[in-house]
Amino acid sequence: MVVVLRRDVPQEKIAPLIRWLEDKSLSVRVFQGQEQCVLGLIGDTAKVDVEMIKSLDIVESVAAMSDPFKASNRQMHPEDSVINITSPDQLEHAIGGGKFALIAGPCSVESREQLTGVAKAVKAAGANFLRGGAFKPRSSPYDFQGLGEEGIDLLLEAKKATGLPIVTELMEVHSLHLFEEVDVIQVGARNTQNYDLLRELGKVPNTILLKRGLAGTIKELLMSAEYIMAGGNENVILCERGIRTYESAYTRNTLDLSAVPVLKTLTHLPVVVDPSHGTGRADLVPSMAFAAAAAGADGLMIEVHNDPKQALCDGAQSLTPDQFSETAAKIFKIREALGL
Amino acid sequence: MVVVLRRDVPQEKIAPLIRWLEDKSLSVRVFQGQEQCVLGLIGDTAKVDVEMIKSLDIVESVAAMSDPFKASNRQMHPEDSVINITSPDQLEHAIGGGKFALIAGPCSVESREQLTGVAKAVKAAGANFLRGGAFKPRSSPYDFQGLGEEGIDLLLEAKKATGLPIVTELMEVHSLHLFEEVDVIQVGARNTQNYDLLRELGKVPNTILLKRGLAGTIKELLMSAEYIMAGGNENVILCERGIRTYESAYTRNTLDLSAVPVLKTLTHLPVVVDPSHGTGRADLVPSMAFAAAAAGADGLMIEVHNDPKQALCDGAQSLTPDQFSETAAKIFKIREALGL
Amino acid sequence: MVVVLRRDVPQEKIAPLIRWLEDKSLSVRVFQGQEQCVLGLIGDTAKVDVEMIKSLDIVESVAAMSDPFKASNRQMHPEDSVINITSPDQLEHAIGGGKFALIAGPCSVESREQLTGVAKAVKAAGANFLRGGAFKPRSSPYDFQGLGEEGIDLLLEAKKATGLPIVTELMEVHSLHLFEEVDVIQVGARNTQNYDLLRELGKVPNTILLKRGLAGTIKELLMSAEYIMAGGNENVILCERGIRTYESAYTRNTLDLSAVPVLKTLTHLPVVVDPSHGTGRADLVPSMAFAAAAAGADGLMIEVHNDPKQALCDGAQSLTPDQFSETAAKIFKIREALGL
Amino acid sequence: MVVVLRRDVPQEKIAPLIRWLEDKSLSVRVFQGQEQCVLGLIGDTAKVDVEMIKSLDIVESVAAMSDPFKASNRQMHPEDSVINITSPDQLEHAIGGGKFALIAGPCSVESREQLTGVAKAVKAAGANFLRGGAFKPRSSPYDFQGLGEEGIDLLLEAKKATGLPIVTELMEVHSLHLFEEVDVIQVGARNTQNYDLLRELGKVPNTILLKRGLAGTIKELLMSAEYIMAGGNENVILCERGIRTYESAYTRNTLDLSAVPVLKTLTHLPVVVDPSHGTGRADLVPSMAFAAAAAGADGLMIEVHNDPKQALCDGAQSLTPDQFSETAAKIFKIREALGL
């Protein structure tokens, strides 16, 4: 249930209402917009006397909320969420509400040279986040599983060297202690409905980048965000990364760009697009990156490798630093053309 | 099989080779580019002596062609096809090779007032083609099936009034005589593999706009183009209009924008995108139109209705003329930003 | 709308009601069951005075019908439809309502020897229908398109020789005159929504076997049946033949056997299953044929070829006559075990 | 790589070969069939001298293995795996190689009365395993999440009371200690690619029932089994439970029964089918259970509830004990008819 308060109601009048609602075993989420305050009620709202609330002089309107996703729902938080990430380089690293995140880096961290080389190159091209995999979810137990802890260390070094906040994937709860200084923890497509992992991530201060499942619905993505937010962590970024369809002759997945405007109507959380996994082909990444930017995405996550042919993982979908630089320049031009 | 000739080989040296190949029961397609000529051989190439052809002094290289689509294959026709449509208004109405088609109009033709009103509005906004349905494929035999012949007449009137070439759907071979003055005949998604219809359209001079099947693959779309081209009609435009996936809670179809760059690598034919059917929701059409333009589409087909709420068909996905005008302006800006 | 009459109402009381309803521009379908009569009303039922009809002493109940498929709807025709096909051999060739159709034969008719050889073998194994393709829908315009008219002649010869009614595919309206003596005309998966073809088949006396579209929904299949039935042809058999899904590594299509019981609840029309196209692999055909029989299918359509490795079409999914014979024996045992 | 030894080679000749292979850092899996022994080599087989091995007098043949799934591969283990579960009632509870598992019980454990009532009823009807959910994966964090530890206790009580081995789902590694006496630990469709969980299950002595992912491929299912088997746990049962397709109007999922014969050719592991989740509709469960049995499944898992309308979870897909009893009887008849 959503209670919209009248404009300019003073805080001292709001607090008693919140207390009264909490006494009814409801969880109350407060959205304080620039002019108006919205209260979102989660729990068994059946026992709430709607007419009574409507009749209060500080209340403008009361609406039911039929969607099963609550905390992530735009009804409860009419303005875009903006997630700010502080970083050693004192530059702005924000996402959402008009702030654009250009996240780039190699599929997996392979060595110090590789990582810092790529990091500097993508920063020069305009990237404001560095990505890289330390723990890799591989479909075969016999394949290279990533550098693990050493990979995290190399990412933190690259962060220090470039000032870029880092994004890297967590695969299992018991590695969580290694991610303390990781700015954005990624949940991969195979773990989108690993509720245990999501619950734990609801308790940490890091920002979470949550990928849509391999063949996940939009509703499932939002419900997974809900698992994180229900635990108290509001800093969730959603990521479209291609879905599984019958068309697999030319692309690894089918990038569902309509998910961008659909999600922007349903939720206040930022939405980024991963055209690298979304297509699986480096030659398609620029076009789809442009398309995602034009569709209104709050960010892009693009794989860049200094030597794609020698990459230990996903080389076929990685851009070279030069290709990335050219792509980034056009992305910024599109945003400018659209007044974003 | 593709035979690339050396630069600047004179015509009189090419003709005997073509005759010799045709004597082997092969169909020979000649692509005369600005600098080089390419011969595409269709038929049983097993009996051709490749080494002998390679050794000819006018031949640069010979390559097998493994794709089942031949005439539409970019290997056979390395440059983009450009389709020109002459029209009463003497303005340029071309598509492909950098020429952009903005096709707009109502889902179905309802009346003279509706159609000419919309036609003038979309032309003013920058559209260079008018679309409108006269024969409508409806899933129920009991539903409104379109105005039929009267609808075609109204479209021709609107063409005369505005100078815009028209695009309208043909559903069955025996109505073909009504389409003589129709500039672009549309084949709908339910008829993409109606081979009988495609074969007939191979014999007409009109341009054909071929929609991808409801759940059609990219290869199937190209094979259907092949049915038309094998009959001698080279003027085929391909149209991505959304595919059927498991995600149907928020959109009617899943618009597969990666089909645009994929098709551009596989074929020389122009590719347009229909975000109206691709999403089924007017509020998503602008974002997806921007995305399609940014992805490099050669055109867009957008439903516009003067009064979407009263539309006899597909009102939920139609833009108003004002919304279209705003959308069109941004589409042009994106193309400019990308230097297209 | 469905009007269920009381038991044992005499015909002379029913006729005036029907006339009265038809005067309201409604199409009235009469289902005369063993004990009860049901009237199905198609058209604009909004102007019908439901309360008045309910109050008639011959009426037991009146129900709205929300499904868009009307004539095929089980509500209108509570008992299974049984389609009888008379044949030179004087044996029973029926399908539906407990009568099982075992349809077998080669993918495409190749020669007199091939066809009659296979026909005799499948008859000996228990098949009661012979299938064979004369006109073949091929994805490439350059592939073998079937023997055409000659193929039809060979089928008619085989029919005479074995007494088996024949099933063969029609691809386009203008070949229809060749199908006069064809017992069951098949509409292939690419033509399921070729409404023009369906309308024409609504006017012929032949039985129609309508395949589900390549990626067709159950509702679309019923709506296509509706196109045929709206024209007056009630003899429609529905055929599940596998749908397009993301899983294509091991099977050509995903055979949707739950469509069998789902369809049996929605419609009175017989439902057959094609495990040959449904899997694309001969080694899977027996298991899936058993499964389809156990799921309650009214028939099976199985490809049988005397020499699968040399087949001009779809050899990989064809059984040999011996394999078919073994499979057929087990199918009959399963039906017996289930008391079908 | 697979090394097939000649018949009747004595153990003392095999052991040195195995040691020699292990010295090359290969993991050697030994399959001792009734007549022949097969060695399966996992690891970097590039350095193995194939010709040398072929020349050994105890070796019949050597074959490469291109599939990425190794331990689960039928090439390595040509006979069906049979998994035996000892139980208090001294009756046979085995699955695979002709032994059929009929697993039945409520979606979630609700109370002692409910569970033991259902357990006794399903046992009387022929079930040889009891299923019930204690930990429930729910798409909303605000929904009933199962009785948890108490649920496990009630299952163990029901096991004691009826002698039936129990099957119940584990959702997260840290609950594993509660599952010591659970005979079969289920991995749900959302956790099929939770590699961390799978690795842990590779170390326990319990049998694992691994469900196919929500939209998982057959290959992914086998690779997930590989994660468990690579850890040393060979007792893995695979479960088809319906996949996500575009057809969701009438069924919750599309039950892919062709997965049964496909899996039987690829792997030696037993394959069971869950028609309850596979359809989501109780009225379709019997037909699909019959179909699965006829397709050759090694078992069925069916939801049974004493009062489906009051079930806390998935009531719409649960059979009553009476319906289950009737269904079970027909399942046994089908197996008998097929000589299984």
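A, B, C and D are the chain letters, set down in written order, and residue numbers restart from 1 in every chain.
Convention: a residue touches a chain if its C-beta (ideal position, glycine included) is under 8 Å from a C-beta of that chain, and two chains touch if they have at least 3 such contacts.
Not measured: the values here are computed from a predicted model.
Visitor: Taking each chain's centre as the mean of its C-alpha atoms, give the chain farthest from chain A.
Guide: C
Visitor: Count the touching C-beta pairs: is A-C or A-B ahead?
Guide: Spelling it out, more C-beta pairs touch across A-B than across the other pair.
Visitor: Return the distance between the CA-based centres of chain A and chain C, expressed in whole Å.
Guide: Between these chains, centre-to-centre, one finds 50 Å.
Visitor: Any idea how many Å lie between the Cα centroids of chain A and chain B?
Guide: So the centroids are 37 Å from each other.
Visitor: Two-or-more-chain contact residues of chain A, please, as numbers and ranges.
Guide: 215, 244-246
Visitor: Within their complex, state which residues of chain A touch chain D.
Guide: Contacts found on chain A: 42-43, 68, 70, 137-142, 171-174, 190-191, 193-196, 199, 213-216, 220, 223, 226-227, 230, 244.
Visitor: In the complex, go through chain D and note every residue touching chain C.
Guide: Against chain C, the touching part of chain D is residues 215, 217-219, 243, 245-247, 249-251, 254-258, 260-262, 265-266, 278-279, 283-284, 287-288, 290-296, 330, 333-334, 336-338.
Visitor: Which stretch or stretches of chain A touch chain C in the complex?
Guide: 215, 244-246, 248
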